[in-house]
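Please see the structure below; I have some questions.
Note that the chains are named A, B, C, D, E and F in the order they appear, and that numbering of residues resets to 1 at the start of each chain.
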Amino acid sequence: MALVPTSDVAEVEMGSDSSAPTVRATVVQASTVFYDTPATLEKAERLLAEAASYGAQLVVFPEAFIGGYPRGSSFGVTIGNRTSKGKEEFRKYHSSAIDVPGPEVDRLAAMAGKYKVFMVMGVIERDGYTLYCSVLFFDSQGRYLGKHRKIMPTALERIIWGFGDGSTIPVFETPMGKIGAAICWENKMPLLRMAMYAKGVEIYCAPTADSREVWQASVTHIAVEGGCFVLSANQFCRRKDYPPPPDYVFCGTEDDLNPESVVCAGGSVIISPSGAVIAGPNYDGEALISADLDLGEIAQAKFDFDVIGHYSRPEILSLTVRDYPTNPVTFTSEAERTERS
Amino acid sequence: MALVPTSDVAEVEMGSDSSAPTVRATVVQASTVFYDTPATLEKAERLLAEAASYGAQLVVFPEAFIGGYPRGSSFGVTIGNRTSKGKEEFRKYHSSAIDVPGPEVDRLAAMAGKYKVFMVMGVIERDGYTLYCSVLFFDSQGRYLGKHRKIMPTALERIIWGFGDGSTIPVFETPMGKIGAAICWENKMPLLRMAMYAKGVEIYCAPTADSREVWQASVTHIAVEGGCFVLSANQFCRRKDYPPPPDYVFCGTEDDLNPESVVCAGGSVIISPSGAVIAGPNYDGEALISADLDLGEIAQAKFDFDVIGHYSRPEILSLTVRDYPTNPVTFTSEAERTERS
Amino acid sequence: MALVPTSDVAEVEMGSDSSAPTVRATVVQASTVFYDTPATLEKAERLLAEAASYGAQLVVFPEAFIGGYPRGSSFGVTIGNRTSKGKEEFRKYHSSAIDVPGPEVDRLAAMAGKYKVFMVMGVIERDGYTLYCSVLFFDSQGRYLGKHRKIMPTALERIIWGFGDGSTIPVFETPMGKIGAAICWENKMPLLRMAMYAKGVEIYCAPTADSREVWQASVTHIAVEGGCFVLSANQFCRRKDYPPPPDYVFCGTEDDLNPESVVCAGGSVIISPSGAVIAGPNYDGEALISADLDLGEIAQAKFDFDVIGHYSRPEILSLTVRDYPTNPVTFTSEAERTERS
Amino acid sequence: MALVPTSDVAEVEMGSDSSAPTVRATVVQASTVFYDTPATLEKAERLLAEAASYGAQLVVFPEAFIGGYPRGSSFGVTIGNRTSKGKEEFRKYHSSAIDVPGPEVDRLAAMAGKYKVFMVMGVIERDGYTLYCSVLFFDSQGRYLGKHRKIMPTALERIIWGFGDGSTIPVFETPMGKIGAAICWENKMPLLRMAMYAKGVEIYCAPTADSREVWQASVTHIAVEGGCFVLSANQFCRRKDYPPPPDYVFCGTEDDLNPESVVCAGGSVIISPSGAVIAGPNYDGEALISADLDLGEIAQAKFDFDVIGHYSRPEILSLTVRDYPTNPVTFTSEAERTERS
Amino acid sequence: MALVPTSDVAEVEMGSDSSAPTVRATVVQASTVFYDTPATLEKAERLLAEAASYGAQLVVFPEAFIGGYPRGSSFGVTIGNRTSKGKEEFRKYHSSAIDVPGPEVDRLAAMAGKYKVFMVMGVIERDGYTLYCSVLFFDSQGRYLGKHRKIMPTALERIIWGFGDGSTIPVFETPMGKIGAAICWENKMPLLRMAMYAKGVEIYCAPTADSREVWQASVTHIAVEGGCFVLSANQFCRRKDYPPPPDYVFCGTEDDLNPESVVCAGGSVIISPSGAVIAGPNYDGEALISADLDLGEIAQAKFDFDVIGHYSRPEILSLTVRDYPTNPVTFTSEAERTERS
Amino acid sequence: MALVPTSDVAEVEMGSDSSAPTVRATVVQASTVFYDTPATLEKAERLLAEAASYGAQLVVFPEAFIGGYPRGSSFGVTIGNRTSKGKEEFRKYHSSAIDVPGPEVDRLAAMAGKYKVFMVMGVIERDGYTLYCSVLFFDSQGRYLGKHRKIMPTALERIIWGFGDGSTIPVFETPMGKIGAAICWENKMPLLRMAMYAKGVEIYCAPTADSREVWQASVTHIAVEGGCFVLSANQFCRRKDYPPPPDYVFCGTEDDLNPESVVCAGGSVIISPSGAVIAGPNYDGEALISADLDLGEIAQAKFDFDVIGHYSRPEILSLTVRDYPTNPVTFTSEAERTERS
């Protein structure tokens, strides 16, 4: 595990006397201990401790780090069919997920407080019998701040995860700047990004499960489009990070994969508002990838292109974000309580 | 700094027994302390105190007095190109701007209340990473009333300032009459002026950065066209009022300018509804230019020409003003808050 | 009668090799032969011939040159009262007006053709028993092109002239550029000017009866606002240019005026799009005031401020011009004829 | 002040058992207390009280009763000229006018309620700096119902009053029948009358400032043409009802008038739908002129001639009334408010 | 039979040197020779000759002079019933009517030419089996110019006369001015009058059968409203001018009337544009009533009130006149012919 | 000038038997003949002919190819200042622009028809005195289809180009698929892209002036986000492609540049919906860059991510596009014409 040194910032002549703050940020590239949530929490704490020892003020974990990303599984589903085995798989996956709030959330909050780090953590959230792919936010004083639920799962994810609504797209104002997150291919949704830009996101976290090269183009583009830092955290996983066959099968591979096979190559990266890659991408193994974010670069970037300011045309193009909760069932007595508060 | 005495009003036979009120108004002709907003606020207070000591009830400051008018700068921009130095310049300029509302606005409001003066103040407003050239209004009880954002910046201003929408073209009804403002070349936009006339503006403030002689024709015309008093406040600046080279460069000048060179000659002026110049224009240095405005002259002027009354032809010519806010992104929860408030 | 030489154009470095055309224009400052329309037509021809001999391609006459501007008359009207003498005055004034089209219009067209001059002529138009203060346009081939009827008479004019509608606000595309006219205080109507700007007026004619100094501010402002040349033609009249008392009385003057008294001082002027006065103003007597208009200056002026282009905010401010004729009575058979033609 | 007894109604054989209601109506013939609006309101109340004591259910005041009809004034205006004194006159006249709504309107409404009388009141309405000659309607429960603004002022009135649009030509349905008003020479406009007939006017009020004998022909004709009662109220004024010279001058009179000179002779009158004069005309002095209006006569008159019914030829002759407001400037937010309210 | 001398024109100071023409006009007050059209034509010629001998240039006959006004007849019609006698009456009345064109029209044209008089003649026009109450126009050169068909008969007239359409409301431009006609109560139709005003009528002929006093108010009003001369011609008839009973019965009179009883009292009159009665009304017997019309008075009257010019509000109130012929049956071949011409 | 061979398409197993069409597309990387529009048109034709000779069916030219991209110029503008030389520069630049429609558009349409190529051409459009950076579309039958006006110019471009409205964001349905264009940094506006995706764009043209490496990330991202082909065309220019100093100055460069200096390095590129670069980027010189676009790849890409279909969340995020024209002035007669046409 190696610290990737922060790449040189191109425009060095801006000097060090700037009044804008600098934030040391780390993206975690590591794998879940699959089907073992307590062990995963332990691992999270170790990684957090290490990052903190390097001075990290902000640490971003990958998508589904707690609960796991069940790569390669089909959950026994084909069109018009499903298997008992797949159902059992889901039962186990459901068990590994966490309630929010709940004891695991308390544990995570305590960690953030202990290491005095702002933490952005990918989790599988359990809400009754539906799971959500969520990101939780904790501040450095050990407080759970809130969550973002992925609003649109990709492909087969749609059979294991529900769809978030517009009420959990938070951007938190922190002493380090405004922080929010979008998960994996959500990042390809222009209107969702626009909602986050409108909330003023400055440190844009992109926990993901996509390690393809083309992902780098997207996160680079987002940094430029949004005039923000983009922190993309992905797991680095080998076959052996999942239970061995036949307990866990990578569908569609003739023979089972070699335990050392890389099934998710990482590619975690940090990009500046000018589109410069300032740390990563790393495709070599688990790693903590860190960089110092000079927040003053944001103003410089927005000088050229402020997507929700001088470079918008609101009289032509305007986005409406319905950010209230949508529930299939509402009890009027609850509504009343809400109204009164 | 000298008080320019009010010139004689032409039609003296109207007498002093009139029931229409008289308002002592002062336009401030002074320069920003560039890149030093706290010092500029200090200077504003000194000027305000002095004007109040002469009995001023209404004080109008120039365009961009707080935040500064970055005269002579190119922000490193040519067509298709920009420099790092220009971006850094913007970062510093962005830092000198103020949030509205915000602590500097509170300070300004307190000043107006302390000296019991209605104050019209040109500022550079910071809204996230986009700046606006705005005018703020404060009443003599120390309340911030609202703002006007310049709706159309001129030439190179378009790369440093955003464009206001139709929701901030206020005219305030005050005990001294109806007061509004348009900034610099906005005053050349006939439809914008018409919107202000329709709101009943009686004391039309024209903070500006234009010291050319032809500006006098425009403000005289506006007084006659609108049947209102026009108060035009411009900065008087020498080269030395800006940081010395190479920190701040007046582009396009072979050698840098002499520190004593006048880079903005002022020309602040007060004009009556009949088109008579009743104070100024002053091109000599920093000054407080004052006049007593006899509001009864408005009815006399409108008797001849009431641009939105008897001299309009609404069945032929009608202007629509879209005065709602335009936003690139609207969150429904905010909209609700607005509707309820 | 003297030719006022064209003043130097400020920005001489633009050179003479420009591809934009130059137009020699003359504004006529002369008085009507009052109550004698045939003699006035004779005088018009003499003035036109003289202007043509100096090379004028465009000649603009004052407001009401044909028909006369009945300065100083009250037409016997006070509030709630009118005199027989005033009615008789109107009958004579009505007789001096001309039908459009009609024999006098034919005569004027012939003149324009004979001297190969584009002519803009202020007339009193008779339509049944209502008079209109109109401007007629004639091209250099001797064709009557159309007319503008003043849409809003000023003060007492409202008892002798009707109100034009939105159907006669023409701007004519000519080899010399786009030519239109607004009359006297109409020029103070921002929405009317905006309509003309939208039609692309480049040579803006402002026949007037206003010789006050403040008029100069307005025409200068219009040149700058519209980015166009402004040609303001006013009559120069002495008391003796009107019939002697008691046939014609200057009301409100204790004793009748001395025959040599100047009752309208002229002030005819030509202004460039940058606001530079390029000929006149002349307050000395009857005169032909001429200048060479470099149409290339328009693009330069619009680069800074294009009131209907880049410096408009149509999504906020939009003007509707109802430019169809309004008639108290419409006969369907006429409508049909019009549609067919 | 004397009550003119109701003249005998011609067709007495119609009997008293008719089911159609009878309305006791009074037209007020009295003068404004010039330049003294509070005193005029006092006088209005005294007249109203007296009318009510005679059983009046409907009371019609003359044109411009509140605010005054500035008879004999020229406001210093001749063609092409105006004086400072005239402007000052306008300023005073403007001060005597009332805002609608406003405190004076509240006062008038309260009067109507106190005396339980439907009141039709001529006022000078102030809308910013333009005045309108308006008629206000109040019901007997003390409610202000609405107004009619004169759409076309006569002669010199055009320099002191603006032009109403098509949105204020109301006819109110009341327990006493349908009531509307047209002011002075508006009554000579056939298309305006036709608009009122089409709205079903039954009690047609004609506040006026015309005391010539020919006026009687017009109001008689209107009663017959419209099949309605016509109530014409005019002021009776002597020279002394206006301020003495030189404060107020009757222009065009060699020497100033004798204080006792009658400057407006009244001629207030009430006419039935058959063209019968049923009260007045009175040319002797201030008076209350009353009659009992038998509304059953309307059906009798319309049997012969129903101008908007059986005696119209709509397939040949059709009138379009554009009765929406026309404004030089419309703010979209207002439009919304209007739509919502 | 006596010439009623022209009443003094009020405003004599206008003098005789005016350039506007004067027209000697005569209205004929005489009765039809009932049921005897040839005799009526003879009588018409005698009256015309007499008028011409007094210098008349224009002669106006009453409504239905040729063909007769069947006063007092019910044509046997009650609601739901008609009698054979009544049908026979109609057959005789139908026989007395004339075709237009036709031999009687030729005769009338010849008369006008012979006496060099412009003649306006009331006739009963036969078009197949429907009759129209029409007015025919003949110039002084003996040409039939055209006709006006009454567009709306009154009361029982509706069972004997058809309804004219919008194609016969002519106003003829003549050397004596613009001449048109409306018949009897048509004159009470404001939209019809407005159509005639719009056509520029200057000499407004009002042949009538109404001799009530209230008629004078209407024609006076029309003169003032239209700014035109009104020439109202009515028959003067005694009972003996109709066939004796039982051939012709005046229904609803207990005993038949005395032969000398006046059944139509005349009241023919000429009124100037100022509303001054300049000849008549005559209620004494058959008469030629003449006056000299000073057409210059029209401009004076329109100065005050031009119903289709400066005193119209076309943007609010606009009348559409459908002036094409309406036919129950149209043969396409005819339409084609019309289109080709 | 060299043909860059189409790179291998990655997923070759899709085979050639697909029913989806293949389109041969060429992006042109070449420079304007600056200030010489006729010569530029000649050059465009030569390039088009060459592309056609290689079988190109669709040819995309760079931003501002006709009219030129005035790289390096400051147009003499600094904050608060402008020079005569800069104004003269604008006049020349204005002269090089083209009217749309107009003769140059006709010429371009003819070219497209002659070579049977669908052409997408970047032009500087002249609309009166305001310029727009536009893209014109021509089909292979020689028809001009329409235009896109850049809605938001970048940085200094804002002083030379106006802002397009929402009415010109076309996507044309063609036999080759749906084609649209966004210009340069507009491509960084997520809401604009979303509007184009919603119109179904399949071949997304991105004429640009940006040759930085980060541009490649944006166009790659767009291809993936939109599931479309992206064709980015940029000019390749050396200093010598602009007039030599002092006629044309690259501001901010100490000494003038070497004539051979590359001032715009190109980087034109073609990218497939999967984010694969299939031709280019070329940074070496002028070139025609071609590829065969297999439109079947679009469905494959959208299977994963359909930004306006299955991967949208319209109940949360919805964009409103105001695509009507906005004009500062609207003439109602034009509106009518538009409605009729």
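Structural remarks
One rule holds for everything that comes next: a residue touches a chain if its C-beta (ideal position, glycine included) is under 8 Å from a C-beta of that chain, and two chains touch if they have at least 3 such contacts.
What you are looking at is a predicted structure, and each value in this text was computed from that prediction instead of being measured.
Under the contact definition, chain C and chain D share the contacting chains B, E.
In this assembly, E is the chain whose CA centroid lies farthest from the centroid of chain F. Residue numbering shows that chain B and chain C use the same positions for more than half of their mutual interface. Between B-D and A-F, more contacting C-beta pairs join the chains of A-F. With centres taken as mean Cα positions, chain F sits 47 Å from chain C. With centres taken as mean Cα positions, chain F sits 40 Å from chain B. Between chain D and chain E the centroid-to-centroid distance comes to 36 Å (mean Cα coordinates, whole Å). With centres set at the average Cα position, the gap from chain A to chain C is 71 Å.
Contacts with at least two other chains are made by residues 75, 82, 155, 159-160, 163, 165-166, 191, 194-195, 304, 307, 312-313, 315-323, 326, 328 of chain B. Within the complex formed with chain F, the chain B residues making contact are 69-83, 155-160, 191, 209, 250-252, 264, 328. The touching residues of chain F, counted against chain A in their complex, run 151-152, 154-155, 163, 165-166, 185, 188-195, 214, 216-218, 220-222, 224-225, 274-275, 304-305, 307, 311-313, 315-323, 326. Note for the complex: chain C touches chain E at residues 75, 82, 84-88, 90-91, 94-95, 127-130, 159-163, 165, 322, 326-333.
Against chain B, the residues of chain A that register as touching in their complex are 11, 13-14, 18-20, 166, 194-195, 197-198, 200, 227, 296, 298-300, 302-304, 306-310, 312-315, 317-324.
By the touch rule above, chain B contacts chain E in their complex via residues 315-316.
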